[in-house]
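Let me begin by handing over the structure; questions about it come next.
When the chains are written out, they are named A, B, C, D, E and F in that same order, and each has its own residue count from 1.
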Amino acid sequence: MRAVRLTRNYTKHAEGSVLIEFGDTKVICTASLSDKVPGFLKGKGQGWLTAEYGMLPRSTNTRMDREAARGKQSGRTQEIQRLIGRSLRAAFDLEAFGERTLHLDCDVIQADGGTRTAAITGAMVAAYDAFSTLVDSKVIAAMPLKNFVAAISVGVVQGSPVLDLDYLEDSGCDTDMNVVMTDAGHFIEVQGTAEGVAFDRSALNSLLDLAQNGIGQLIAMQREVLGLAA
Amino acid sequence: MRAVRLTRNYTKHAEGSVLIEFGDTKVICTASLSDKVPGFLKGKGQGWLTAEYGMLPRSTNTRMDREAARGKQSGRTQEIQRLIGRSLRAAFDLEAFGERTLHLDCDVIQADGGTRTAAITGAMVAAYDAFSTLVDSKVIAAMPLKNFVAAISVGVVQGSPVLDLDYLEDSGCDTDMNVVMTDAGHFIEVQGTAEGVAFDRSALNSLLDLAQNGIGQLIAMQREVLGLAA
Amino acid sequence: MRAVRLTRNYTKHAEGSVLIEFGDTKVICTASLSDKVPGFLKGKGQGWLTAEYGMLPRSTNTRMDREAARGKQSGRTQEIQRLIGRSLRAAFDLEAFGERTLHLDCDVIQADGGTRTAAITGAMVAAYDAFSTLVDSKVIAAMPLKNFVAAISVGVVQGSPVLDLDYLEDSGCDTDMNVVMTDAGHFIEVQGTAEGVAFDRSALNSLLDLAQNGIGQLIAMQREVLGLAA
Amino acid sequence: MRAVRLTRNYTKHAEGSVLIEFGDTKVICTASLSDKVPGFLKGKGQGWLTAEYGMLPRSTNTRMDREAARGKQSGRTQEIQRLIGRSLRAAFDLEAFGERTLHLDCDVIQADGGTRTAAITGAMVAAYDAFSTLVDSKVIAAMPLKNFVAAISVGVVQGSPVLDLDYLEDSGCDTDMNVVMTDAGHFIEVQGTAEGVAFDRSALNSLLDLAQNGIGQLIAMQREVLGLAA
Amino acid sequence: MRAVRLTRNYTKHAEGSVLIEFGDTKVICTASLSDKVPGFLKGKGQGWLTAEYGMLPRSTNTRMDREAARGKQSGRTQEIQRLIGRSLRAAFDLEAFGERTLHLDCDVIQADGGTRTAAITGAMVAAYDAFSTLVDSKVIAAMPLKNFVAAISVGVVQGSPVLDLDYLEDSGCDTDMNVVMTDAGHFIEVQGTAEGVAFDRSALNSLLDLAQNGIGQLIAMQREVLGLAA
Amino acid sequence: MRAVRLTRNYTKHAEGSVLIEFGDTKVICTASLSDKVPGFLKGKGQGWLTAEYGMLPRSTNTRMDREAARGKQSGRTQEIQRLIGRSLRAAFDLEAFGERTLHLDCDVIQADGGTRTAAITGAMVAAYDAFSTLVDSKVIAAMPLKNFVAAISVGVVQGSPVLDLDYLEDSGCDTDMNVVMTDAGHFIEVQGTAEGVAFDRSALNSLLDLAQNGIGQLIAMQREVLGLAA
């Protein structure tokens, strides 16, 4: 696994704001609380959590078009932000923070593989910080936590399983898998794709073992940076 | 698994046209050949295969907005059509049918769970039929086949693993997984999501066993309807 | 006139669902009831009826772009769905079914000329079935019917008037006219276009005679399939 | 028929520029020549003619949203501009002015009923002026004219047929018909709509008689303002 | 300065409607009152004033794409309409005409430089006329006027300062400045751009002197056409 | 003036990448070279320079909607990116770096007033670095520099002129002016807006004096961070 760094309070306005680095991949994750919920939840007494994802046009090796200028988000962007949202909704109890929405914004400043898994892992800490402001100001009685969640990518590169692929490894790999897990070692999401050759059950098992190990380390780092017991 | 029906030549214009039914789920899959390739492939001597997905507004229990009228495809739609495209690109050899594009259109006429897996399974047959027109007219020497692929959904419903979930089962399930496999029993895609409770490794294993069995049956039906040896 | 077939209850979710076939032209018409009305009718105690139209990308001879993917409906599509909506609003009494909206969705599965007239003719039956559910459940006292309506295309092909043009005839015709009439033999819409040569009054009269005859037959079929007296 | 006024050379940049007034309805029609043709005509040695239509936001009684600000043209706008285009393509010989496009822009400055028929009638003169610049500069040998065309609305208001409806008449009428004819008295387009009560064949005939008479007068005015023999 | 002409009541529907001509530049400015305010002002007891700007496609030397057809307003259009709105909000007291919105629509019929300054100067008169209808009908007690405002462009052309640039001068100038001032000789907006060579403080001063003089004349014309004492 | 910090090589992929901080305002400016030019410059042997601007959704005090998700850039965004582009095109000689485009992306990570002036000032350094890569690799013979440019905001806050307004000052100020100047002390852009009270000539003069002084300091910092003689 590449060097991981989590920097809390990275920007000053958001209720939670984290810079997460997986090697050269850098993602700013902010968590913003609002007092509104989407229409389908109005009056139900529960909250919502949603995520958006973006990349700066030159966060990548060659410049990409700016999605705001093109007038739409790519399918890839939407796929990723839906994944981040689902993963974090599995981490918090939506019924325990009132009719509020937590908006998670994950913006990639520099990309070198693994931006979606970095985003999930960083957003967990930003969301925790945002909910802490509600606990600290006694708006809610306790942290609405179900599980810590973190995510990592794994892949088969030239026949061998590799943890936390960088861009070069990712481009050349046969199988690419993103795994989201809880601190109890259970799965939230498993998304494996055969890029070139289809993979068999034993390859799948090796990758999941690798992922489980990596996610354990990531959750330990999340807890440490938040000052929580291991 | 629900009753599966594959009807070839369902509409008359497309090079391949299949109605696939998984129980009450009905999807029209057409395969259209064109002599153009996307810009990034021009002059490379290879072909491309891409997929689009849609639902008729009242294919569902309550009417959905028409995406063409709203002016954009939902994130879910884009996610599904990207999945169909990737799955079918794993089935055919893109370098073996010249500078052509195969467009797969999967349109849901009636939805009752499992529309994306039905779409992949039906599109396999439609694509096969479309490439057959190139073989029959001697434009290419042989079917550009790598593997047969099919897809099925599996899930944990009230604690038990279930194959090929219908809408009611899907809505109430704890874990929802879509699996795409080859006739060699290898994985093309594994996408598992914990809807409610996170799932552990043994649940994952049960689901994969179930999926593998179901996909075997589906590929047998594909081959049978195409008149190929089992 | 080509063989016409009307299949009720074609799909299972919609309050009304009809497959209509005019020769090789096949259109699914669904009628969906909702308890909302557009803003301009709120609180006025009356209902609304509106229509949308679409074609599957490969319903046609060569594949068309998917409107949902392009992000907008073509002018032709909008013209047709406005025509369907106006025609069916002339068939039903909007003040007789409360503050409800009936959405008609006409989706072309296979196109061979005359899709808009098939759509109107099929939507009539789907709408009747949908309103029947309100009558049957005693939500309204009686079918809010003003007139039966049906539509047919007529045209001058190589100098002769032709009823219900298929695609080949339509492409080659000099004049193309779509006529919508009631069971009383009155006009709802007359839309005639000179494709090549302008047409004179006597050609117009021959075409209207032909259309009137064809629409009489169509309305008889609508009534028969609904089990109503001729 | 209301007072009709045609003012040529209304603005200075366009090859043809006409202000047409039907009573209080005022439409600026400009004709712009370009040296390009749409993709489907490239290399075929023929030209194209296309039309666009717009209304200033406060050309109407109450302000409408600006279509450019809303980001799309309404169905009504598209329907009208398609009608203008078809009508004028019937007036000129597309094969007689080379690979050029004539763009007709019809912008309503003040609306009081009949904007589409005024647009067609004015665009005829603007197009004639634009093609005259090609004849005058000897780019083409002769005016590529097939027929003069003009358009008028007719309707049944409180039981009586009325020519050239203003906004009040149009809003209250039972039947609304737009007719486009040539100087030979032949039809290019007939579009009749029953707004309230369906209309019968004899009403249709009265309306067409009225329209034919009005269009004769309009074509005489077009010729006169262009300095052509009656 | 080119000949300036202001024609009130240019169209009949709007509460205020002015044709303003700066030489060959012609802009229709309409002012429309509505009883609604944007969401952020609801219930605050004050009004709003906003502006939109457009150009007819062939108002310019070569035809431009129609913004409504392209589906979006250009950056230039948005910049100009924001400028018009800010300028006119400085002219009127938003707290003195109740919860109403004044919509200013400035549509360029013919362009020859200076369209935005003509739009501001004409919109001032149209807005005054619109508010007069509220005063005349005693809906408000007095004209909600803060200052008269007018606008002019100035530029350095071949080394010399020039007032009210036409298109040719504007295209060739080194510096282009738009100035909006009040009748008290104070600035509302100063927007100077070096097109070619950067300009120094003394050039800036010459341009501002020129602009101040021109704006004084424009405000005198506005007052005269409105029948107010000089 | 607030503390200003320029960090070169802030991200690793872009040819030029600068983090600029004006107090709490932080903007990432990247400069990306491509070998293409826009259509209107093809074959003319000269280059182009263009800019885009964006804000992370929670760079501001309260979260803004993501422009990519809304599907369009706001008028303010477009106004700013046009200003950045014009300013930087005044800094470099477009005819001196071949048929290339320099894309400047200015993305606000944290906003506290003055984001557009920070963007221009930072983009100057990023562009310089990008062109240096062409000089270093001997693709072009010399830095295509015309002038150094920098930008600063000035305003009248409670009656006194203030340099480099932060968000609080900006919100409360009467006059807000953005000034772009060259190292020769000449103006590229002057954009002054009266937010509340119109401003007179002497206020304008004080503000320009203040801006000139601030810009001198900024250009000195730019040169210093680039290692150039003062």
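By definition in this document, contacts are C-beta pairs under 8 Å (C-beta built on N, C-alpha and C of every residue); 3 or more make two chains touch, one makes a residue touch a chain.
In this text the structure is predicted, and so the values were computed from the model without any measurement.
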{"item": "Smallest count of steps, each to a touching chain, taking chain A to chain E", "value": "2"}
{"item": "Shared interface partners, meaning chains that touch chain D and chain F", "value": "E"}
{"item": "Chain of greatest Cα-centre distance to chain C", "value": "F"}
{"item": "Interchain centroid distance [CA atoms averaged], chain B/chain C, Å", "value": "33"}
{"item": "Euclidean distance of C-alpha centroids - chain C vs chain E, Å", "value": "49"}
{"item": "Residues of chain A touching at least two other chains", "value": "71-72"}
{"item": "Ring topology as an ordered chain list, initiated at chain B and continued via chain C", "value": "B, C, D, E, F, A"}
{"item": "Contact footprint of chain A on chain F as seen in their complex", "value": "11-14, 17, 24, 26, 28, 30, 32, 34, 52, 54, 56-63, 66-69, 71-73, 77, 103, 105, 107, 109-111"}
{"item": "Touch list for chain F against partner chain E, complex", "value": "72, 75-76, 78-79, 81-82, 86, 90, 147, 177, 181-182, 184-194, 197-201, 204, 208"}
